[in-house]
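Chains: A, B, C and D, in written order; residue numbering restarts at 1 for each.
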Amino acid sequence: MDVFSSVRPLLAILVSLMAAALILVTGKRPNLREAWTILAAVAKFLIVLSMAPSVLSGRLLECTILTLSPGISLKLRVDAFGLYFGLLASGLWIATSFYSIGYMRGLKEHSQTRYFFCFALALSSTIGVAFAANLLTLFLFYEILTISTYPLVAHKETPEALAAGRKYLVYLLTAAVFILFCIAYTHQLGGGLDFVGGGFLAGKGSPEVLRLLFVIFILAFGTKAAFLPIHEWLPTAMIAPTPVSALLHAVAVVKAGVFSCLRVIHYVFGPTLLSDLNLWLMLCYFVSFTIVVGSLFAMVQDNLKRRLAFSTISQLSYVVLGAALLTPMALIGSILHMAFHGFMKITLFFCAGAIFVKTGKENISEMNGIGRRMPLTMGAFAVGAIGMAGIPPVCGFLSKWYLCLGSLQAREMVFVLILLISSLLNVAYFFPIVYNAFFRKAREEEPLQREEASWWMVAPILICALMSVLFGLNPDAFIRFHQIASLAAANIRGLF
Amino acid sequence: MVDYLISKYNYWVYIFLMMLGFYAMMGKRNLVKKLIGMNIFQTAIILYYISIGVKKGGTLPIFMETAPRAADYINPLPHVLMLTAIVVAVSTTGVALAVLLMIYRRYKTLEENEILKSIR
Amino acid sequence: MNTMQPQAVILIVLIPLMSSYAIPLLGWRWKGSAYFIALIAIGASSVCSLLLLWTVLKQGTIHYHLGGWLPPWGIEYVIDPLNGFMGVVVCGISFLVTLSSKESVEKELPEKKVRFYAIYLLLFTGLMGIVVTGDVFNLYVFLEIASLTAYALIAIGEDGAPLASFNYIIMGTIGACFYLLGVGYLYIVTGSLNIADLAKLLPPLYHSKVVLIALAFFLIGTAIKMGLFPLHVWLPDAYTYAPSAVSSFIAPLMTKVMAYILIRVMFTVFQPSYSIEVIPLTVILSWVAAVAIIVGSIMALAQRDLKRMLAYSSVSQIGYIVLGVGLANKMGLLGAYLHILNHAFMKGCLFLVAGALMYRTGMRNIFQLGMIHRKMPFTMGALVIGALSMIGIPPTAGFFSKWYLILGSIEAQNWVFVAVILASSLLNALYFFRVIENAYFEVSRGHPEGEALIEPNREEVPLSMLIPILVLAAGILLLGLFNERIISGILIFALPPGF
Amino acid sequence: MIIEYENVIIKTICRLLIPFIQLFAIYVIMHGHYSPGGGFQGGVILGASFILLVIAYGLEESRRRISLKALTIYACVGLFIYSGIGALCLLMGANYLDYGILPLPLSSIATIRAMGILGIEIGVGIGVMAIMICIFVGIASYETGGENG
């Protein structure tokens, strides 16, 4: 495979770092400040997009910045998988930026400069995670991501928000400590840390050691991916402003966790080693547990954002399940689901935020008849819900289809069953919301006329919903998610 | 055994003095007594150094017209070192006394317990 | 001038020494001159130290014979990569700290300015002397110079300072006397005081009990001086009550220089093989250090006074350095060396921030910091960077020393140490995020201690204080990113032979 | 505070003794480089003579003769002589404290070295004397303040 050195990966990271600096400097002038955010978001997306053609033609872009420790560089390398995540994160950041502006101004939030600063910082580190060429680089950006998200989670500064922030830190820093240990140990075992499609640890240690290492790795990265029972920080963090929740769920944080899990599964250990160690089935059962129980938890939540949070917990495990099945179809499905879930979930969160901004309602039980007041928003919500349940033509169907095919390829009917059960559960906890919103009567005292949130917010909602449908109809639309995902899967399996 | 103990008596003396000083530093509650303990401690080490420079039948290491053989001189180096150590000890005592004066001026007592009580 | 380069060895000590006499002489007439003399002297020393490091790396070890007397009779100053590196660290940090001391000394000790800077420079002289000397007794003399001046400087602080200083005198004297005894024992068996000479004479004597005792005395002595865990009792009080200019000078440097003595004794005076194999010394040291790391962190967690918290965190960070030394493998030692540098930067930065807080608001209770970032955004930014580095978040410097220490522990197959290092990161996170939380969020509203809210008007500290803080904070980031340059350019040569 | 002690005998004896003590101190200093003695010992003896003065005549009287500020200057000048001679060697192009290089009109290197160390002893002597008195006076007059280091 051809490797080209290029500064574009670095530029993609620096663009939002620069924006962060500019945001701090121009904090006194909101319009200019937010112009930077949007400018950086668009520029970042274009830079990432500009790398797509060369990656699709089978070339890697590499950028070695400096040496971090003897033998380990701070190195960025854009392969198909990294590009995929980069496109997803930077693409959704544009939507989130517009939405944030609408949301923050709509609620007249305090400390907006800090908010946008941390947001930009989080995004540059997400891109860093996406493009990291080795474990240490990945860990570096992963930690910056954790730290820069903390002020966002604790943004409200109420005792509950601070507690949520603390919980977030406790969970993620503890996990980080274990990741650090794993990386150091991997370094000791394997010598290098550079990601290799198909893994580099095979034959580097005794099976027991490798098993233990794998389990710690997955649990540690899995904390960010919110596996049960280490998910508790995620629902608690729902106290944050809605764009932050969207960022946490759909764009950056949990996705970074899942992304890192996949990197570990396929680029550090590799399918061959995992099937030799008999670990993949264990992992599959573990995440299946999360899929089902996460959905069950979601059913009993009344707070809309908390319900969405548990839904995320369950959906993220799809991605890991697909990766752990080790079959090509499942892998494509898993990678596709990463993006598709992002689009659907961000739609849902945006809707929840829009409802909160306009009506101040957070609980599902209060949302009867809200569809008549905000038809556009709730329409988009319905699209997201349909996608979550895996019903065509929304994109959720496609990834689920691939996942089912993958499970069949692996000759494990159980997981097909689990995917179907989970779909049913999704229907059970999302559809009542939609039904109540449109067909139940609101209480007497509430106004009945239409009143949508500002266009800053509604436009991103509609675009995201539209995208969800569009990708369901044609997964190769615009940014060729399907093609990149297939290429990534091929990379991993050594067939470029 | 007894011979062994006696033949190294200089070490026993220095160890005894040192422990005495150490006890005073650690065990006494009065700050001046601690300081005195510190002085004893330092003196013990000085004694020890001087005693290792001793040579039976040796003479002062001063150049004389009727020069004895070089081997007859006692070793002057420990003395020189201890000169420095004495200077250090004196300065330490000086600083410590100054600090004690500051303590006394502030708390009107030199008993550690009472000072700690008045701080809390 | 061709002879200038080796002369830099002595100038590095001589310039601050002579300047410290010059300060009272000139300060008699012009009071304001003290600060500038001190600054210029330390600056000149810094230039010399950089020159030396450069020369050492290019040409190898420099030997300088005082008075032209050859060793082992005369006193010899030796610069090898290790102390060349230490010299640059001490000089660099001192320069920045001194730069920032002007306003806080003006505020806290207006009457004693001249004397303060005279003693301050002597302390610097002592530290530099320890670093450059190649003679164990000369080292003792400089050790005492540094300690005596430190006692005096600490004593002029507030409230409990004299008592803290007195306790430090008692403990410090025991430490120094133990060191002196160690020198004495080595002198009995070898008849030499020169480090290089001792290293040559000692190996045939390794079976001797006297040599063992000497090493034990050295260890205990330096352990007291550097505040290694069970012997750290003097440290928190001393750091807490000292004037802020003093604590930000002593905290980053004093204990590091003492750790340097430990490394020097263990790996140069004695051969590494003796320290590692003949007695399980390194094992003992590393376990003590592990306990120190945990206990220091836990004690820091219990503090509400910012400076005191930092002092306890120093106790734990010293543990890191000693742990690296105790691991006695390449990565561990590199981690220890790197942590000397990194911790000097981090603690320098954090203590300067604490000093800046004291200067502006007179406050040190971390629960009363509420919204201070509105008032001093840059200072608080530096605090965040320093804190993140203490926790070990990449790419700050603190992460990388931790990284090498973990690699070293794994290489030594010692999982407990790995766990200790990792656990201490978490404890660090606990107490530093408490500070950050209080500084950035309006936590104090509901808190019983948080009544004294600060008015949120923008009021940064003067530039002379702010610049060193920002330089150190930037340094933390740069050191982290370019740590490999330092390692492969300097530290790899500073490793004892055989690593 | 040490006040004047009204006793004729003590006063007179002190008056008589102090010059001799000082003479002896100077002897010790001047011979330091080739016989027992030297700057430190001589300086201490010199300092002791002043301390005797303080004891006999009280702090006020001795303050009049030699003030604390002057003592500081003495201490600094003394140490300056010491390190200055060393630094002079540096300027002449030799190592620090390598007196052989000093341009003194003397016959042999050995005598030049002897003169060099004599200069150093004198510097040390002055410094030590001043610091000894400083410590004593500083501690004796604790009500009026002042610490040293």
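In this section, a residue touches a chain if its C-beta (ideal position, glycine included) is under 8 Å from a C-beta of that chain, and two chains touch if they have at least 3 such contacts.
From a predicted model like this one, the values you see are computed outputs, not experimental measurements.
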{"item": "Chain located farthest away, centre of subunit C as origin (C-alpha)", "value": "A"}
{"item": "Centre-of-Cα separation between subunit D and subunit C, whole angstrom", "value": "35"}
{"item": "Subunit A and subunit B, separation of their C-alpha mean positions in angstrom", "value": "70"}
{"item": "Whole-Å separation of chain centres (CA-atom averages), subunit B against subunit C", "value": "29"}
{"item": "Subunit B and subunit D: spacing of chain centres that average the CA atoms, whole Å", "value": "24"}
{"item": "Residues of subunit B whose C-beta touches two or more other chains", "value": "95, 98-99, 102"}
{"item": "Interface hub residues of subunit D, defined as touching at least two other chains", "value": "147-149"}
{"item": "Where subunit C touches two or more other chains, by residue", "value": "148, 151-152, 155"}
{"item": "Arrangement of touching chains [line / ring / star / complete / other]", "value": "other"}
{"item": "Contact footprint of subunit D on subunit C as seen in their complex", "value": "3, 7, 10-11, 14, 17-18, 21-22, 24-25, 28, 64-68, 115, 119, 122, 148-149, 151-153, 155-156"}
{"item": "Of all residues in subunit B, those that touch subunit C in their complex", "value": "22, 25, 31, 34, 38, 41-42, 45, 48-49, 52, 77-78, 81, 84-85, 88, 91-92, 95-96, 98-100, 102-103, 106, 112, 115, 119"}
{"item": "Partner subunit C, residues of subunit D touching it in the complex", "value": "69, 72-73, 75-77, 79-80, 83-84, 86-87, 90, 93-100, 147-149"}
{"item": "Of all residues in subunit C, those that touch subunit B in their complex", "value": "137, 141, 144, 148, 151-152, 155, 159-160, 162-163, 165-166, 169-170, 173-174, 176-177, 180-181, 184, 187-188"}
{"item": "Residue ranges of subunit C in contact with subunit A within the complex", "value": "388, 391, 393-395, 399-400, 402-404, 406-407, 410-411, 418, 422-423, 425-426, 429, 433, 437, 440-443, 446, 481-485, 487-488"}
